[in-house]
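One structure, as structure tokens, below. Some questions next.
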């Protein structure tokens, strides 16, 4: 429980109206009298009148008018994130190393490391202080994990994987699995052993059931602060820059590199061996088969620059009409030819 | 082992020809003399002559002609499903709570609950009677599972997940993982803690390695009787109505809602914050970036209504020809202009 | 550690220049003085001058010129794969059957089988000699595994799954989960029990978090030597021929069959009940809704033959221009009609 006035003081916000005891946060539609709610997207402003929320975090004093209790913020989403950190309860009610976990005798665990029941920590693996390993995680041999990482249930780190600090990984994700590399021979496809490593830098967060393959040689790398969603596929030797956002079900083929601050919407596919610049933004379901410069914005498969994509999409939807126009024009031109020919003969 | 006559009596079918001992069910092509087979799709009718099946479930007395033994049904698929339930052997030869499972002392297990070795049941989680938990499942704290649920190996329910009755989940699926929510700040992307819940209503069935994220706030919800295939991604705050079918590798971005009785074919993508009506049918690989009314049928990316999509697809395949037609027309029109100008000058 | 001269002798290669002690393999860019590197793709030839590699595997004597130490090969990738097998260290530093694994008393384990801690081996399952089962794997009842298979952590084989010899499966993959089969009834979708089997033939390799469903009836089958990448979805009754390559995130709907030596690039989707021939090659993100003959090469959604796809893609990108051309032509033709009509009236 926290008072609205305490939030105001802690975050430097103005409290407009009454003070309130708050026990949770919810949407304008679902909030009750002991909940804080918020208005970030003006599209939901009409819901202010009807909300039962005890207090509402709003973007300006005008929005506070008519509310019994409001907190006025210059950046609603940012302050909302801070407030939610107060209300969010960490998962997994356990600390310490469970006797039901398997921890190899040569593993090195820092202070306040948690290893929950049924997790596996392999030989020579080092885990930084404060890191929490949930049940059914597998950490192969010779892994290195930084401090305050969070590995939710069933995360697999294959041998030699390196995580920075504060890396968080949702359930079922696999890091350091073998890349898809084969040599065609008359006797069939022969595996190219994948002996490279995988490095996930600090402050990276990864969703559920995502796969990040180890390098064939050298390195697969995800840069600091990058966030990756569920069911994403990063093939061997992929390198992702810093502070990128990769949405669900996107896939990057082998050795493709993307720069810093890129955004890939859902189900995007990038072919192998491409170089994608910084600040590139790709729309959902884009398919990219050539390298892209800094600041490129595009969509479609094959990808087109944003404006071209929108115009081409309109074009595709008009194709039935375009074909009709063409037929009519061909007929018209034939008639014109005939008329003109007759006309000239007639002369 | 069951007699064809027993099936006939139990399901109210007519037995045409001899009675038979049946030990299994298989396709017309693969069935042997002690198997029941079936003809549901008339395309396979020519296989009736050659089948070695002991007995065939058919859709009418005419199809039974020439067969030594047949069961005549008014709804072959429906009766087939019923018969298969007789032959299907439940997996996992175990009952009771294994001493090799971790079950927190505060968890509450109903009658006839099975928890197999190496599963994890967290604090305060309640499991309804008859529910079966396979090895390597993780049930976080404060989950509630209804009766007769089936959680195959390696299913993860994060804290607070709620399942109705008879929910069945294939291996490796993750429910209640954190949604993909970040606020951009000068210091990088800051996580918006995901404090909402996930509710899976009764009779929902979910495939393998699928991900259903918990809500940022409020609720992610899958409605009663909906069936979801493998590798599907449902982002935070998604709401799916009742009796929908979502095929493999489809993905729904945050806060999108779909109504009842919708069908999404494979690899469909829906953008965030959309409202999709009831009875909507979307073809494979559709990409949807705007809300859709009830009864909409469409396909393509961006999505078009079904007829438009088919015509536009034909148009795309004809684009090379269209470009040639255009060039020829331009040339013709130029010639016409020239001819006409000369003609007029000539006058 | 190995000498370059030993590699030369073992593989029948020519050593040009000095002999070297080698402890690893890396890219031209990342290799150090004790590493072997290689030049397979001529695009990287300029890096030869600057590499710090101790020795370089090259494709001809001309490429060896200027290098202090080189191995000359007639097939660089093939010899590289052989050399990497020498340097690759198998993962999982364990042998024998761990007392922390669950192995049912009726399971039959061949010689030199490894079952690591926290793995589960069900009743009557048979494991061939030399096969290694990592932690958190689940082998349901009545499975049969051949010799020298490798099941990385968290692999699930549902009851009755059959693996040939030398099958290797990356973490989190699910084989034999129930297919997505329902009968619509007035009371909702009724499950068709999935009682068929799954057979993975010898020398198949499967990536991480992939799903291969058991058959409804009869068989789901992956043919000898086929390699499958991460996050691939094979629905019930799919049959894949021999020596195919299926790249990441591709999906095949129910009962579709593909022949031998096919290549599916990433994110390809195949509709149900199709028959795809031998040697078919499909580009990334292809969507296929009809059967395809042997040797077909195509791309796009809906799929077009390769040349048609490239031309149609150009056409789509030119659609904005095409629409402008059409408008101008329509105007021109209208003017021509007017002019001609006036001209004729004028006569």
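By written order: A, B and C. Residues from 1 in each chain.
We take it that a residue touches a chain if its C-beta (ideal position, glycine included) is under 8 Å from a C-beta of that chain, and two chains touch if they have at least 3 such contacts.
Here the structure is a predicted model, which means the values were calculated and not measured.
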Same or different for chain A and chain B, where same means more than half of the interface numbers show up on both copies?
-> different
In degrees and to the nearest 5, what turn takes the CA positions of chain A onto those of chain C?
-> 120
Length of the line joining the C-alpha centres of chain A and chain B, rounded to whole Å = 24
Considering chain A alone, which of its residues make contact with at least two other chains?
-> 118, 136, 154, 172, 209, 231, 249, 267, 285, 301, 316, 319, 322, 326, 329, 333, 336, 340, 343
Interface residues, chain C side, partner chain B - complex | 102, 118, 120, 122-123, 136, 138, 140-141, 154, 156, 158-159, 172, 174, 177-178, 180, 182-183, 185, 188-195, 209-211, 213, 217-219, 231, 233, 235, 249, 251, 253, 267, 269, 271, 285, 287, 289, 300-302, 304, 308, 311-312, 314-316, 318-319, 322, 325-326, 329, 332-333, 336, 339-340, 343
Residue ranges of chain B in contact with chain C within the complex | 24-27, 29-30, 77-78, 80-81, 84-85, 87-89, 91-93, 100, 116-118, 134-136, 152-154, 170-172, 203, 205, 207-209, 225, 227, 229-231, 242-243, 245, 247-249, 266-267, 284-285, 301, 313, 316-317, 319-320, 322-323, 326, 329-330, 333, 336-337, 340, 343-344
